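In the two assemblies presented below, chain A is common to both, partnered first by chain B and then by chain C.
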Partner chain A sequence: MLAVIVSGLAIGAVYAATALAYNVMYSTSKVLSVTTGHLCMLGGVFGAWFIAGLGLPVPAGLVGAVLVGALFGGFTEIVGVRRVLARSDEHLWLLSTLALATMLQQAVGLWWGTEPKPFPRLIPQDFSSGLLDQKYWLPILTVLVMTAGLEAFYRLTLWGKLFQATSEDAFAARARGIPTDRVRLASYLLAGALGGLAGFAAGQLTFAFFALGLTLTLNGFIALAVGGLGSNLGALLGGAGLGLLSAFATYWFGGEYQQTIAVGLLMLVLLVRPEGLLGARRVRPV
Partner chain B sequence: MRGSASGLSLALAGLALVTLPWWSGDLYQLHLVSLIGAYWVLVAGLNLVVGFAGQLSIGHVGLLAVGAYGFAVLAGTLGLDPLLVLPLCGALGGAAGLLLGLPSLRLPGFYFAMATMAFALIVTELSLAWGGLTGGGTGLSVPGFPAPFHTPWGQYWLILAIGAAVTAMTWGIARRMWGRALIAVRDSEVAAASVGINVFRVKLTVFVFSGVTAGLGGALFAALQTYITPDTFVFEIGLFFFVCIIIGGRGSILGPLIGTAVLTALPELVAPLAKLGTFFYGLTLLIVVLLVPEGIGRLVEVLAARLRAEPHRSHEVRPDLARLRRALTSQAGASPPVGEPPPVGETRPPEAPALAREALP
Partner chain C sequence: MRSPAWMRALGLCALVLGAGAAQAQDRPQDPIKIGWLSSLTGPLSSAAIAENQGVQFAVDEINRAGGINGRKLELLTRDTAGEPTKAVNLAQQLLFSDKVQFIIGPVNSGESLATVPIVARAGIPNIVIGSIDELIDAKKYPLAFRAINTNTQWISGGNAYALDVLKRRKVAVIGDTSGYGTSSAKTAAALLEQAGVKPVYSVLIDPNKTDLTDEMTKARAAGADVVMPWTAATGLMARILNTRGDMGWDVPVVGHPAVMALPIKGLLNKPEYWQNAFAAGYQSTTYVDGKLPPRTQALIDTVKPALGGRIDFTFWWVALGYDTVKIIEHAVKSAGSTDPQKVKTVLEGTKDFPGVYATYTWSPENHNGFPDRNIVANIANTFRDGCYDAAPR
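Right after this comes the complex of A and B.
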């Protein structure tokens, strides 16, 4: 039973990290990017390639994976979001980020191969340590640090306050002289870095697998919608809840019904509390 | 004039399609066109949802799988008459569409897209889990159609007939009040609701209709493939349907039809594209969204309108001052000159009215 809880929390941490990346991008651009899960996938795949493929030391691999994630995040903003936001059509960003996500997944699949490949050990540790193995506590620790860091960033630094001002009202922020375009680009770079970091930390749990992105995009979104759009603490709670639910569903019913149960949770929460557990109540625009 | 020309081209295209088995090169081409037809049956219904009502359903492959497995189980395992099973598959797809649409159509854009994507993943998951019914990972073999439709030609004609019927239905829906209501919902739900459109019911109805066509398309698709596994219905196929519509142009019927035909045929005919298939779809989608968000169909329309001789020229009226002065001076002396032929200009209409108007005060 303890094993189910620990593994559920670990995979839930990955979902929560994806939800955090969603939040960072959503706050400045009001865009829910389909590429979010793919950022984590990039962290895992490139981390494995840098360390196992190129033989770089672990810190260099970590920096590389984070850089690749941030680069792709910035690329998403420049190619897929910036031009589309200038137009008034509401859902074009969904199409452009979907296109980018598809292209990235296929490109990585062609280059890396379609089989999941093992992720190297990051910290020297015996394989017999069971539930204390790094593949469980590393993602959990990472996402806790990420959440605390994000909250500190938003509350304590000037750039964080710029993010918040842009998130509250982009037009007003612009009128006060905040370069909202640059803030948006910075938020995408930050989200990419967070995604890359999370994918790197969780690599031993999820393996370096090209199709991971789509699953994470969906499950991270479920965690986000359950926890409440825009709330970092909600993302953490939603991720943990979803991870535990998936783990227990696998434990009781077998692995076949994971997705069904996750979506069932999403539908239930959306029917009962459409704004999520900790989300702000949305006012319908007229 | 234009109506009869387009009617003629439509009749010619129809004739070419009906007689295709006699002039097409080989069975493979016939199979390819049949596949396009089966896809089109689904895309035609999806077009109403995506192109007209503006609901971005990226997981219609789930409904396709429901129709395909329904056909395989009912006609194969239970041994019912395939021609009877075909409408049953449509009903099955419609029921699945209702089940999916009831909760998810209430959600705003991105939530809805994610819900349909999740549905596609769930169907794959269940088709693996219910091994007793669906054969699990090994899949099911699918029976063909009975006597008049058992040859590749017969199958082709059956698909063609169903495709034509579905096209006619969507055409009828799109042109009349329903289609206008859908476009209103796409452009602004609030405005649509304020003029008395029951937004949710309109969306749900058209989504269930797309479920029916998806079920039919799935049955035809399964019969064409003759063997289906869960791997047949990967999420990328749903993306492919979606891309066909966006590329063809939203709010058009011909555009998505051409989009389906081109995107299905291109990877088959150009070998290097086959490996890059899905990457190519993504790239096309990105280019279209960034450069021509209205779709290539709209681009072609604009180009054609520019190339075609303009039917309405601008009738610019320029006063011919010299002639006017002459007319005024002659009017002062005697009666105006009669029978002077008006000078022939390139774009100018006959100038008499202009002269009269200028001469009046």
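Right after this comes the complex of A and C.
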């Protein structure tokens, strides 16, 4: 039973990290980018390539994976979001980011191959460590640090306050001289870096696999919806909850029901508590 | 009354086009066109790339020797990227625009399900290399002949090794949640029950599930003395072996050929986790006392230099690709033409045609050419030149 809890929390941590990346991008653009899960995929694939393929040391591999994630995050903003937001209020970003995500997945599949490939051991540790194995606790630790870091960033730094100002009212922020376009680009770079970091930390759990992105995009979104859009603590709780629910659903009912139960949870939350566990309740002004 | 000028012009055009079409028909001096639907990119491309080596090699070899009955082969390769919709479009292009005389493929069963009826309606012989049982039906698809084994033959081979050789009776069956994995696990459980063995544990797992501790713990708790995975997903297969190894559970694993696929090697936590693992394999690519069957060895010796002196993929894919073209050569030579009905008659009367991959027999009732006896069990971690050692009996 403990094994189910630990493995559920570990994969839940990856969902939570994806939800955090969603939050960061959403805060400045009100866009839920389909490329979010692919940021983690890039972290895993490029981390494996830098360390196992090019022979770089682990810290260099980590920096490289984070950089690749950040670059793709920035690319998403420039190509898939900026022009769409400038020209239309409709939700066309859904299509533009879906197109980008599909192209990225195809490109990585062609270059990296469609079979999962090994992710190197990051810290020397025997494989018989059971539930203390780094493949479980590395993603959990990483997402905790990410959440704490993001909270500190929002509360203690000027850029964090700029993010918040843009999030609350982009027009008012721009009227007060905040360069909202640059803030939005910075938020996509940050989300990309976080996704790359999460994918790197979870590489031993997920392998370096080109098709991981869409799974994480969906499950990260469910974690976000459950926890509450905009809340980092909610993302953490939503991810952990979804991971545990999936693990127990598989344990009790079998793998064929895992995805149905996860999506069922999304439906339930949307019907009963659309703002999520910790999301801000929307009040209609009268 | 004279018909208008435009009608006469149209009639003339129709005559000219008709004559052209007639000329496009089979003529003794024209090359024999073979359409090859291969998923050279996309999922499962590794199998297709290796099969392509065999197909290409056989075509070159036959052309160097002067062709078939003096006619050269023209190979038209089309990359389906593993997508059924693309496969359908390309099959139609090959059939109706390129007017091929034979179709080989596609590689994946999902694509084949979409294309086999189309090729059948066009009345063109189709050498099928998808393994799911539904692809072959001598009545519905009279010109489709399978070269590869069926999925049931793989599963029967694995079951026979686990039950009859290893003498195990408490079986844990693992499938994945894909269509292929689900139907394979069902077939495996049904065949086991026919043999009087009810699996002690059966489970379907999402191929991307990252941790299998609970499934493997349950299998052990259920008293399983053999684990039988029927999935083509190498990531899932590696996780089964890793979890077994990390648990320190020395239970044999017997299953799908993916157990011995080379990419597994890199995904294992420790090399020894690949021990005590066996897979359904082929007599043609199995070392017995360190030796391969002469036909396989001869093909390896010929092909290897062209592959840079090393073979780092499963060789039966190459052998299968090679045989598909040799089957066409046999059919055309024996029939004396590429006429589909004559080719059908020859193939339906073919008994023990010696290929590299297998020895084929087709009949009017059964268009599955691969014999049960050509399936054997292999030791997973014994890859050499794309072939494996025979499992101990």
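Criterion: the second predicted complex is superposed on the first by the 281 of 286 C-alpha atoms of A that agree within 3 Å, B and C clash if a C-alpha of one lies under 4 Å from a C-alpha of the other, contacts with A are read in each partner's own complex, and residues count from 1 in each chain.
Everything below uses one rule, namely that contacts are C-beta pairs under 8 Å (C-beta built on N, C-alpha and C of every residue); 3 or more make two chains touch, one makes a residue touch a chain.
Predicted model only: the values in this text are computed from it and were never measured.
With the two structures laid over each other on chain A, which partner does A:Trp112 touch: chain B (first), chain C (second), both, or neither?
neither
Look at A:Leu95 in the shared chain and tell me whether it touches chain B only, chain C only, both, or neither; answer first, second, both or neither.
first
Based on the superposed arrangement, let me know which partner A:Gln258 touches: chain B (first), chain C (second), both, or neither?
Once the two structures are laid over each other on A, A:Gln258 reaches both partners.
Looking at the overlay, what does A:Gly130 touch: chain B (first), chain C (second), both, or neither?
second
Name the chain, either chain B or chain C, that contacts more residues of chain A.
B
Where does A:Trp49 make contact in the superposed view: on chain B (first), on chain C (second), on both, or on neither?
neither
Which parts of chain A are in contact with chain B and also with chain C?
In chain A, residues 110, 215, 254, 256, 258-259 are touched by chain B and also by chain C.
Once bound in the complex, which stretches of chain C touch chain A?
Those in contact with chain A are residues 41-46, 176-177, 182, 203-206, 208-211, 213-215, 217, 234-235, 238, 242, 245-246, 248, 263, 266-267, 269-270.
In the complex, go through chain A and note every residue touching chain C.
3-4, 7, 10-11, 109-110, 113-118, 127-128, 130, 133, 136, 205-207, 209, 211-212, 215, 247, 250-251, 254-256, 258-259
Which part of chain B faces chain A closely enough to touch in the complex?
Residue list for chain B touching chain A: 54, 56, 58, 103, 107, 109-111, 113-115, 117-119, 121-122, 125-126, 128-129, 190, 235-236, 239, 246, 275-276, 278-279, 281-283, 285-286, 289-290, 293.
Could you pull out which chain A residues touch chain B in their complex?
The contact residues of chain A facing chain B are 32, 79-80, 83-84, 87, 89-92, 94-96, 98-103, 105-107, 110, 214-215, 218, 221-222, 225, 254, 256-260, 262-263, 266-267, 270-271, 285-286.
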